[in-house]
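Labels for the chains are A, B, C and D, by order of writing; each one numbers its residues from 1.
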Amino acid sequence: MTVPLSWYLIFATALFSIGFFGVLARRNAIAVLMGVELMLNAVNVNLVAFWRYLTPTDLSGQIFVVFVFAVAAAEAAVGLALMISIYRTRKSINVDELNELKL
Amino acid sequence: MNVSDIIRLLSPELILLITGFVVIGVDLARRREDEGRTAAAVAVVGLILAALAAIFLYFSSPNQIVFYTMAIDLYGLFFKVAAFIGVALVIIASVNYMAGRSKFLGEFYALLVFAALAISVLVSATNLILIYIGIEFLSITSYILTGFLRGNERSEEAAIKYFLYGASAGAILLFGMSLLFGLTGTTDLAAVGKALEAGGDMHWLGLVALVLVLAGLGYKASLVPFHQWAPDTYDGAPTPISAFLSTASKAAGFAIVGRVFLVAFSDFHPEWTQVLAAIAVLTMFLGNLTALKQKSVKRMLAYSSIGQAGYILLGLVAVSNDPTFGGVNGLMIYLFGYIFTNVGAFLLLLPIEKKSGGSTDMEQFDGLATRAPGLALLMSLFLISLAGIPPTAGFIGKFYVFASVINQRMIVLGALAAVNTVIAAFYYLNVIRHMYFAESAVEGGVTVGRGLMTVLAINAIMVLAIGIFAQFFMTWVNSSLALVTASGF
Amino acid sequence: MVGQALFILTAGITLLMALGVVLARNLFHAALFLVGAFFGIAVLFILLEAEFLGAAQIIIYIGAIATLIVFAIMLSRHVMGKEAGAYNRNWYFALAGVVFFFLLLGWLLIKMPFNLVTAEVPADAIAQIGQGFVGHYVVPFEVASVLLLVALIGAIMLARER
Amino acid sequence: MHDYPFVFNLTWLIPLPTALAFFAIIFFTNPKKRLSSNVAIGAVIIAWILSWAVAFAFFLKPELTEHPFDLHVPWLPMGEIAFHMGVAVDAVTAGMLFMVGFVLTMIFIYSSGYMTFPGHLDPKQYPEAAKEGLDPRYSRFFAYISLFATGMLGLVVADNLLMLFIFWEIMGLCSYLLIGFWFDKSYPDPNQITPKQAGLKAFLTTRVGDVLFMMGLIFLFIHAGTLNFQAIFANVEFMEELAAATVTLPVFGAVSWAVLISILIFWGAIGKSAQFPLHVWLPDAMEGPTPVSALIHAATMVSAGVYLIVRMAPLFAASSHGVNGAMTFVAFIGAFTALFAATIGVAQKDIKKVLAYSTISQLGYMFAALGIGAWVAAIIHLLVHAFFKALLFLGSGSVIHGVEHGHHHVHEHGHGHDDEHGHEEYFDPQDMFNMGGLLKRMPITGWTFIAGALSLSAFPFITAGFWSKDEILAHAWDGGHMAVYWTLAIGAFLTAFYTFRQVFLTFFGKPRTEAAEHAPESVRAMTWPLIGLAFFAIFGGFVAVPKSFPVFGKIFSDFMIKLMEMQGEFYPFLHVAPAEFHWTPAIISMTLALSGIVVAWLVYGWKPLEAGQPDPLKRWLGPVYTVLEKKYYFDEFYHLIAVRPTLWLASFFARFDRGVIDRIVNWVGAFGRWLAATLRKWFDEYVIDGAVNGVGLVTTWTGAVVRLIQTGQAQTYLLILLLSVAVLLLLIPLR
């Protein structure tokens, strides 16, 4: 355990922020979804690091991560299905072109 | 705790689970023949059974923790009953609307039942993991339901925006939860609360987690500035789903915000009171002022429901131990009445949309009093309730929430809320004005199906009943304030 | 020291991969970078002695989610030609916001007082995880399975040809 | 338990028939116009019978004042106790029931005759309604007034403040619907307010008062734990506590809770009863059909404000122990409004607007009375005023109707000048200068109107208005409130003047238009209610003749005063002292009232105006009158300090030296106009425009902000989410 906990946290925050940038800046919805996946992964790193450094004998942290996997998979499936569906209608999945609904 | 106890305590959830599968099965067997009517009927019966089970539990064995992560307490049961009724009303009203719009009607009703299941789990959850799963479960079913009208650009756009917003907010929520876990080493809400209380000098760093969790949960309750998905989504979604999202789903959001803040963040009460007060003021003003400028009634209701969220939040801001004006009881009765009022108002748009071919602009309401006096009267009743004018459910809710605020000596907050009711009265009345004081450009009456009429009538009766027999409902609410904070089996 | 070096190497590569995901103009390349980032995180899990999660990460993220993403890219491929820009017009605001967020949150996190516990990971960790799923966390477990089923139904319904 | 007559148990039924009628009309009888009106009239007659049964049962047992009837059921649980809803009957309620039941019935019957096919609608558009000769929305009108009646009756019998508030709001909603009833009416002059706008204005203005009222209500509830009138006012300790406990407010400093609550509640009354500065909605509310004006201005909504303060009087009395007595505020607002509105009434040409300002003024009398502690006088004047003001409004409606018919008659027979040009010039059937000589054409309307006018002018001895007004003035004199006394006395002169200006312009002289020449008398459904109301307008006041007054005092008992005094003694703090009859103030007020009538006769009655001849006041006042005529909404200062003295001085001097005074008047007029224009400009620019622009600016600004952020771009939303989170996080270390 030579690596300080804060290194993991900073890494996770950086990964989270990079993912968030992808969410905010990419035009293609699939790329946005990839950003979301990065964010979830960052949180997983957080959780596992906390588990290892704070409660190594209680496996709740790891169990939490498994649930995040499940949710991420479900979310990706539904999200991608939505994108394919909207692609069929509009022939585009650029997020910034989806602005028929506003104000 | 033996098996029969578990089955009994989880009976609402189990009934919903079985109902969901039965609905799909029934629809597979009868597809095309009845346009989903059987499936809808089964779903409604299942929801009513689940509500009855919840009511039964309410009287039998309140306040127990089941399987470490769920508290079967009166607080949760209250929201369960409210949400089940709301979803059942939405389903009945959807039958005519959805027939012909989609081939997957069984799935539609099954998803609504599963959404009810998600709410049911969420409002009872006392563990960060279950809260996360519950929120995401509710969100994912909502995304699908919002985008259910395949090929309809607005519905699809609404769904994808909701999805992107919800997924990102979910990640932020999760980040906050991971910090809570890191600070306290546990995922149980009560234990988190205790650990934060014992946190010593640095305990205020828990505020970081609080902010992230607030953003992640607040979006469900459409609190400003986490509300922006809401108007677009309510506008584009199938109208019954807008009704669902702005009522039952929002109620679940408030329920869980309430539980997390009261149990896990109880030590931060002075801090979050200020933050939530600011958010409530922002939410009220933004919702109401923007609603003022809308030309489409559907969009106006979307913004109005944001404004309403601001009033509801005041209940949490003014939380106290006062037995009469404790704040949370105001929040609960407000939400309970609001479910009926807003479901009614949104569903009333269905016949209007049908008549106009999709538009809900103010002009479509012109002269409705002549063309369909009953419908106009019902709409007026719902709008009056939203405006908080007695003797309706909306008045009772506002009365308790405002009284709690004033009771806490938050005079400025009370005054700002009062200003908002005046602004809101203006745009609600504007619709009444269109219905009663304008010559209609459109000719002919508005037809309302039997199912929808039943739902509207139930809503109207409930709106008035809560207003008139407030004694009965408030007794119920006041007895529901119990929050299970103990952990363990 | 070896641990630290290993961490810095893995973390650095993972962050670079992540940057690749959000910066690559070609979506297909972005997906490949994503697989790389997932892999790097799996390595970090193993460094943290969470072998089970490392394996699960590879199976679920790379085996399922990344594959799904690639499918989706292929299904909507010809839209992402060279003509469309990869970023929306507000990307610099986004960049500034994200950097601000990172600095702020990073600073707050460094100040956080965590109660570190030094202990060995139990030998039967995987068994304990399994027990957790049928013990304390049985309700989330069941709910998650229903959630996956619902997502499946929804995804099929949404993505099917009309 | 006390022994109450059985009929009291039926009190809660009183608001019910009209409520049922409302639903019956909306859901069932809507397509059948005559059936709808019959349902509504039937319902209101049942309510009337019930009201009078309860009222007389009380009058027959005056000893009940010591333990008023109260019947209630639990409604909202409040911790241990529950909030009760119920009905109560005391002397005030009985008096109100007596008046409200009767006046409502008269108005309903009158409406069935009044709501004929209106002139502003195109008969081709509504062929069916035009054939029947009834308003196309006839049924709806009766549905609305039924609900309105429910609101008023419920308000009167309510035994607690919250229930009162609920019925109060129901009335507010109905008044909105009713004022805007002819929403499709528009005028050639874009500046003239339309019914639609007037309804909204009324609702929003009163809502300002309502919000403050509700705040007061909540404060009172938090302190008292109940809102039941008897429970609060009978609790002497609590009232003393409330008067002693202070709260520190920004700007005002420390005030007692009793004062704060009283003043907050009083604001509700200011809005509802159209007192300064929330009076602006009432004159515009004249855009509604005339029976509505009678409903709102006479019997019901506006008097609800006075009734509220009558009910809350013990609290006001308790609050005046301290320095900043709330009653001083009430007296000031009342007296000021009484004079201020009377001055405006002088220069109106719309027959209904005169009555509107007169109503504001008379309500001011009642508040002034309450403010100086003349509780009984206020109640008596409230009851009497309702009769004669309903009479005057219905009478004016009858006149308008007649003139409108005359106008149509002229057109149908083709000897109007307008037809030659192929288009119709706008004809205002409410303009008094289009009338004249109507007494011959419409004798019943005319004579009953004159009866009402005499009563309003407080014609000595024989009219109800004299006795009730005298009671207020006597109290002011007795109590040494000289400022109030003289303000009200001058107001009495003006009242007599403008009332008889109206009478002479409308009913005497020669008809000034062909329309007036051909005006027929109204149908019986309209004239009978006039006769009924006229009876009470004249004789109703005899219940208020003081015992000490010679001859009359012996003949008529002062039974009503006695009853109210007994009731007042039931409430601690109220200190109801009977006013002695004094010749000095009585003679002063008599002189003023009579001289008002005489001056009106000199100006308008002596040499009646010819067709097209302008108002003589206009000639003498020149520019000032133009300012008034242009419907400048007479901003308040202008009226008090410029127009009124000018008008008054002018009309006074011009009588005996026209030549000399002309120049001075012109100068004063010019000065007045300059002052008015300046003040108005200032007022408009900084106050009205400021407020309007402020509101507009805020909504525009919000709109702009929302447009900026609600772009439809999901990623922008998420960026705002992120930045919001970052800002909230930033607050943590900055804490």
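The rule we apply is simple: contacts are C-beta pairs under 8 Å (C-beta built on N, C-alpha and C of every residue); 3 or more make two chains touch, one makes a residue touch a chain.
Every value quoted in this text rests on a predicted model; they were computed, and no experiment measured them.
Q: Which chain would you call central, comparing Cα centres to the global Cα centre?
A: Centre-most chain by C-alpha means: B.
Q: Using CA atom averages as chain centres, what separation in Å is found between chain A and chain B?
A: It comes to 26 Å between the two C-alpha centres.
Q: Between chain B and chain D, what is the separation of their C-alpha centroids in Å?
A: Centres of chain B and chain D (C-alpha means) sit 43 Å apart.
Q: For chain A and chain D, let me know how many angstrom lie between their CA-based centres, rounded off.
A: Here the centre of chain D sits 65 Å away from the centre of chain A.
Q: Report the inter-centroid distance (CA atoms only) between chain C and chain D in whole Å.
A: 70
Q: Note the residues in chain D that touch 2 or more other chains, in rising order.
A: 706, 710, 712-716, 718-719, 722, 725, 729, 732 - these are the residues of chain D that touch more than one other chain.
Q: Where does chain A touch two or more other chains at once, residue-wise?
A: 16, 19-20, 23-25, 32-33, 50, 54-55, 60, 63, 67, 71, 74-75, 78, 82-83, 85, 88, 95-96, 98, 100-103
Q: Which residues belonging to chain B are in contact with no fewer than two other chains?
A: Each of 129, 133, 136, 140, 143-144, 147, 150-151, 160-161, 164, 168, 179, 182, 185, 205, 208, 231-232, 290 in chain B touches at least two other chains.
Q: If each chain is a node and each touching pair an edge, is that a line, ring, star, complete or other?
A: Chain contacts: complete, every pair touches.
Q: For chain A, which residues count as touching chain C in their complex?
A: Per the touch definition, chain A meets chain C at residues 1-3, 5-11, 13-22, 24-28, 30-31, 33-35, 37-38, 41, 44-45, 48-57, 59-60, 62-63, 65-67, 69-78, 80-85, 87-88, 91-96.
Q: Tell me, which parts of chain A touch chain D in their complex?
A: 20, 23-25, 32, 95-96, 98-103
Q: Which residues of chain B touch chain A once you look at their complex with the stated criterion?
A: Against chain A, chain B makes touches at 128-129, 132-133, 136, 140, 143-144, 147, 150-151, 153-154, 156-161, 163-164, 167-168, 170-171, 174-175, 178-179, 181-182, 185-187, 231-233, 235-236, 290, 299.
Q: Using the touch definition from the top, list the residues of chain D that touch chain A in their complex.
A: These residues of chain D touch chain A: 706-707, 710-715, 718-719, 722.
Q: Which of the residues in chain C come into contact with chain D in the complex?
A: The touching residues are 88, 90, 93-94, 97-98, 100-101, 104-105, 108.
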